[in-house]
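Structures follow.
In the two complexes below, chain A is the common chain; its partner is chain B in one and chain C in the other.
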Partner chain A sequence: MSNQVTLSINNQSVTVPAGSTIMDAAQKAGVSVPHFCWHPGLSIAGVCRFCMVKVEGMPKLQIACNTPASEGMKVDTVSDEVKETHKWALEFHLINHPLDCPICDQAGECELQNYYMKVGKYQSQMEDQKVLKPKALDVGDTLVLDTERCILCSRCVRFEDEVTKTSTLGIFNRGDQATIGTYPDRKIKHNYSYNLADICPVGAFTAKDFRFKCRVWFLKETKTVCPGCSTGCNVNLFQNSNQREYYRLKPRHNADVNGHWMCDTGRTMYEHLNASARLASPLLSGQSISSAAALQAVADAVKGLSADKVALVLTAQYTNEEYAGVLSSLKTVLKGTPKVFVWRDESEKADDFDGILFRGDRNPNTRGMMDVLKEHAIQPTMLKGDFSALAGTSPEVTVVMGPEIEAGYPNLQKALSRFSEMKKAVYFGNSLTDAAKKFWLRVPVKTFAEKSGTFVNFNGVAQKLKANPPVFTNVKAVDEYFAEVGKLAHTAG
Partner chain B sequence: MAYVNVSRDPERNFKNGYLATSLLGLGTTLVTFTKQVFGLEESNTVQWPEVEYQYSDRFKGAHFLTKRPDGRVRCTACFLCATNCPAQCITIVAGESPDKGVEKYPVRFEIDILRCVFCGYCEEACPVDAIRLGPEYSMAGLAERKWVYTKDYLLERDAVKRKVGEKQTSKKDENVKHDSVDSSLPNIHIGGSDGH
Partner chain C sequence: MPVMNSAYNGRQPNEFKVLTELEGIPNSRSLEVYKKHGGYAALEKILKGKMSQEEVINIVKASGLRGRGGAGFPTGMKWGFVPKGEGEKYLITNFDEGEPGTYKDRYIAELNAHMLIEGKLIAAYAIGASKSYIYLRGEFYDEIAWCEQAIKEAYAAGYLGDNVMGTGFKHHMDVYIGAGAYICGEETGLISSLEGKKGQPKLKPPFPAVKGYLGKPTIVNNVETLAVVPWIIRNGAEAYKKFGTEKSAGTKLFNISGPVVRPGCYELPLGYPLKRFIYEDCGGLIGGKKLKAVIPGGASAPVLTAAEVETMTMDYEAFAAAGSMLGSGAVIVIPEDVSMVEVLENLMHFFKDESCGQCTPCREGTGWLLKMSRGILQGEGQPGDEKKIAEVAGKMMGRTICTFSDAAAGPARSIPQKFAHEFLEYYKKKSSAHGQG
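Right after this comes the complex of A and B.
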């Protein structure tokens, strides 16, 4: 017997490995079967009874998520019988659902809401009072739990048991009194808690970080890559484009990199993108100047210097294209290769790994930066807690490409103070810290959300970033700045 | 092919001309004026602002926010009015209410009245009868006036109190909240519970 089975779904033939379920086959065939409790990243529970399909030869409808596909099976997902079943299944799911969609953050991306719009009964026949349960419970630093909205799909319980293995959650009581909750004196406090809000098909778990901030239908998503660590999780970045305000990140499935999840540290990667957290215009000795004047100042400073009088300090938080652009522009201007340093935080343990996704190397593009430097035949000097190597070369101009994600640099202030002591220290970055204010020249740069480019993760997987419109239109990426500097130095010389 | 000559109005004659029609109109005005001066006919003109015109109860004038019976704002900051607004004149900032039975309330609720087109879609969209277009129609003012109506203004202004009065408190049923909404953990952990 072969290890492949062929079945037909809505008269469409599909071949899947033996042991697959009808749901797997439907996913492969591109047929959407409505479901609540089934999640591709978790085990099968079969509790919501919503993914009912008609299998020819079986007297009753079967659940697609837990029925193995077999050879020659004929499955139907669109007949009136199936639709009628979905309608009634929803009616039963909604017996005790509070229908407080107007104040529920999930509204707009709620499975219950979406399916109800498609196949709902609209006229409920339930006469009894709803069972009332606790609302707005504090179940950890990141989440709020509303047990009334819960439809007991058990996704969150399985996530805690299988992915993080923390087992904080359980279903208590029976029947219509059944309630999801944390065990006594335990709170959800691992680094993957926001995934619970994501996988919750209704609004039972909502994220404190996003709670009441914005309705989801105002948000537009961009497919990009998380810059929080060297794993490079695939994410959707959500922006309210009318306000030019970023609100959150959510994981995007990529089996090779992050699977279905991302960590809570990565979820904060929208905070530094908004205007209030950023430098708006270049500052020369504390005075606000135009970008053109700032670049002119850089061009004047580097013009006529020999290559070894210019030091370039890199952090691994820029794209491959930016490194290549900066290096080639500087090479043309200086007619040689500048001294290149790589700045790592002194507390960094680059090989740390939490066993799920989060890595100790808090730079998204360490691999890519090293590759680019190798291409340019540059052997960089490491600056990690000890800055004597930089001071020893006594450069005339020091260009620092600062970290975009400052959380990965706990000793940032100390390091920045050291850099700013150098002669003509130029800082490219959006830092608003006190230490950054001491630099001779500070130039704001584009963030990961505003540029197209490539990050190479710890595993050598190159991934593309996708650009949103910039928050500040005058702000450019470092390679664009240096191309400009190259032109200015050329015309002046 | 047949042509119609439109360069000259076939009806044109002295009776339809400028002078005759102007005099005719003036005549009508004089006749009506005279009748009204001698009290033979009642005038339709309202002497605003001394006399206020009474529009119907369904008139869509300046907005106001309704209240709960205890006097707090009725709005739950669901953003449906802001979503539905074709002029995008409603700005809401939502916050966590200290009352867990309410949960969400508007910290800020602002209407840019200069952008508003008085379509009433906000009223239509509201699921809790929190925003209404009131009877107030006289909204003119000078440039230095605050043209963005704040939450306080929408709730508490005198014109609304005078014209709407008691009706500002919405009688719409509220969701009944369980006592346990104030508990910090599911009720299963409090005291000995049945089941489990």
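Right after this comes the complex of A and C.
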């Protein structure tokens, strides 16, 4: 028995594993079959009745999402009969929909709108009073629910049942009074809630964090990797292409890493990217200076020191390329390897895992960093709550590559205070915290959104970041700075 | 045109007694009376005669018995779908009798619930189920009590339990009370409800015979279907086939409602002339009113005009040929002075209330059909609205998980098509004397 079946969709042949549905086959063949309730990451509901296709030999149209693909099957998705059915399916979905697109935050990325343009374009025959349902419901800290816009596809219910297993949502009442909602006294509170806004094909669930901030057609997306933890979920990062303002992250499907989802913690990874949240220019003893002057100060400080008098404190939030670049430059300047420390927050439980995606190691590149250190034959010293090892080496210069994501370092202030007490403490990072102000020299760096480079996730998967133009043009990546320092030290020497 | 079985000429309905044998007998509900009339003899014949499951299924297949709940699927064939061999299997009786106009199943329980229990035991034996349920409509207080009483008696008499009649056959039975949703009469909706979930039909495949209640092979049969099985086993498939037509074997309970002189539950052979039933058996319409239309098989069945009734026979194929259906056998008689627009609005109200809301065309369509028909009734309609109703109904057909949407579409298409002129009256009046608030 073969475990593959070959069928034809619109006369195009496609081979899929036995047990696949017509929808799976259509996806593989690149044939778009309109759908609302079907979602590749959830079980099959078969309720929207939108994905109907003609199967030769079957008297009635069949739903693509639940009809098994079989050998020699002939499927049609474009005949007049099928098109007419899609139009009517859309009409039924829309007769009680409020059509409040001008004030709906989903506009622009609404499947009702998209499908109307794709397979609809009919004149509605609905002239009667629409069914009215509760609006603007507060269903948790992150989401707002408009049950009138809901098309009852049940994606959110299935997500709650199958992915987070929190089962907060249900469809209550029946017929055209059927309404989506939370069970009495229940709120949506888990770390994956924004996925509900993503999978909602309409404007029923909207994200409090994003709604009414920016129309989606002003946004441009960058395919990159979430820096929020060691899972490294694949994401699209959305930026207003005119104002350079970052607004949100959404998951990007990667079966090997994050599937279809990402956590709410990861969703906040845009906040520190915008200008108001970060250090704009270098500060020497609190005085703003140029980048060139800052790098000259570093070069002067390390010049002539023996390697063991320079301490390099790393956090695992930089790319492989940055670690390699910094180490190479310093080795050249110092004619030896500096003392390398790895700073972990004292509260960290790196092996924690929530069972879905989120990991206790809040650094995106622990594995990559350790790999690079190994390549350079460096055995780093761990700094976790106890900083005596650093003080014990009495360095003349201490260079700290601070964490970009400070949320992963709840004891950041305490640690920074200790580091800043060191002689000639230099801080690379964008921190605006009080403790950071105590450093002798502070130099802003590029964020994950502004650099291309590699993160290696907990599982050893190496993934590339994609660089957007930097928010501050004077700001560079830490390896670029050290290349500069290398040149300056060389010139001076 | 279907030809009536000539054997019915000159015979009265009381000569066709299969299910209604105990009618009029004092204390008919007791186990004693039931046994006196051959009760549990069929079960004994099977168990003590060591008949194979296959033999039982073959007798039922040979009898031509079709599901009496509405769909008319051949019963023996349905039983045959259950995978053979070991493993948990379930038999469920659909006693969620909710089709408007239907009151035949409760009549069986009123006569004697042991008919159902014996039929269930035989079916359970045939499919290899050691557990069965009677899913009862919550409003049927008396019937619940009668079924529970009969189950108790059957346990006491050794017909139910770990060792039925000392033969080693094990079967347990329970009553489960529904909450009055029409859709729980749909077999997969019923299974969902029995599982403790919201009563909504399930996506097929998988089919219940393979993966039903709690994911196990499950057969759902109507009360009337199961209750007639003991008679068939006792008297043989041939005896049963003497009633009815070639494709519609046996007798069937018909419930007639509307202004007829003698409404009630009648047992008739299938293929019986509808006109004769209304005018002779039921005494015609009260006050000699003229017949306008008949809904022949419960609310879901498309309406027949008085002209169509003239030659109609009451069997699966004749109703189907006329674009309607035998359904549950609930004959609803509509006299000349009832407005078909009111009938439509009434039916649409029912379907709008009872749609489970799962599939979009049904959820949205049933509500829309009600709004449109109510609008016409209230004098807000305009020419063409009746066509729009029929068109929308047409787009609801064959596109949903279960056939509820098709059922709602049945009258919504047939009434505007067959009685278009009555709609015109409403458009002219603009404000109708029949209007409801």
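The rule we apply is simple: the second predicted complex is superposed on the first by the 491 of 493 C-alpha atoms of A that agree within 3 Å, B and C clash if a C-alpha of one lies under 4 Å from a C-alpha of the other, contacts with A are read in each partner's own complex, and residues count from 1 in each chain.
The rule is simple: a contact is a pair of C-beta atoms (placed from the backbone, for glycine too) under 8 Å apart; a residue touches a chain by one contact, two chains touch by 3 or more.
Treat the numbers as computed from the prediction; the structure is a model and nothing was measured.
Chemist: Please tell me, clash or fit, for chain B and chain C sharing chain A in the overlay.
Modeler: In the superposition, chain B and chain C stay clear of each other.
Chemist: For the superposed arrangement, I'd like the angle with vertex at the C-alpha centre of chain A and ends at chain B and chain C, nearest 10 degrees.
Modeler: If I round to tens, I get 90 degrees.
Chemist: I'd like to know which partner A:T147 touches here: chain B for first, chain C for second, both or neither.
Modeler: first
Chemist: So, A:A89: does it touch chain B (first), chain C (second), both, or neither?
Modeler: Touch status of A:A89: second partner only.
Chemist: After superposition on the shared chain, which partner residues are touched by A:D138: those of chain B (first), chain C (second), both, or neither?
Modeler: Only chain B is touched by A:D138; chain C is not.
Chemist: Report for A:A45: first if it touches chain B alone, second if chain C alone, otherwise both or neither.
Modeler: It touches chain C, and chain B stays clear.
Chemist: Thinking of the overlay built on chain A, is A:K54 touched by chain B (first), by chain C (second), by both, or by neither?
Modeler: The answer is neither, since A:K54 touches no partner chain.
Chemist: Could you tell me if A:R174 is touching chain B, chain C, both of them or neither one (first, second, both, neither)?
Modeler: Both partners, chain B and chain C.
Chemist: Taking the superposed arrangement, what is the smallest distance in Å from a C-alpha atom of chain B to one of chain C?
Modeler: 8
Chemist: Using the superposition on A, tell me which residues of chain A are in contact with chain B and, in the other complex, with chain C.
Modeler: 173-175, 177
Chemist: What part of chain C is in contact with chain A in the complex they form?
Modeler: That would be residues 181, 183, 198, 203, 205, 352-361, 363-368, 371-372, 375, 388, 392, 395-396, 398-401 of chain C.
Chemist: Would you mind writing out the residues of chain A in touch with chain C in their complex?
Modeler: Residue positions touching the partner: 44-50, 52, 60-61, 66, 68, 85, 88-89, 91-93, 95-96, 125-126, 128-129, 131, 151-152, 171, 173-178.
Chemist: Give the list of chain B residues in touch with chain A in this complex.
Modeler: On the chain B side, the touching residues are 76-80, 83, 88, 94-96, 100, 103-104, 127-128, 175-178, 180-181, 183-189, 193, 195-196.
Chemist: Can you check the complex and tell me which residues of chain A touch chain B?
Modeler: By the definition above, chain A touches chain B via 98, 100, 102-103, 132-138, 147, 172-175, 177, 179-182, 184, 211-213, 215, 217-218, 242.
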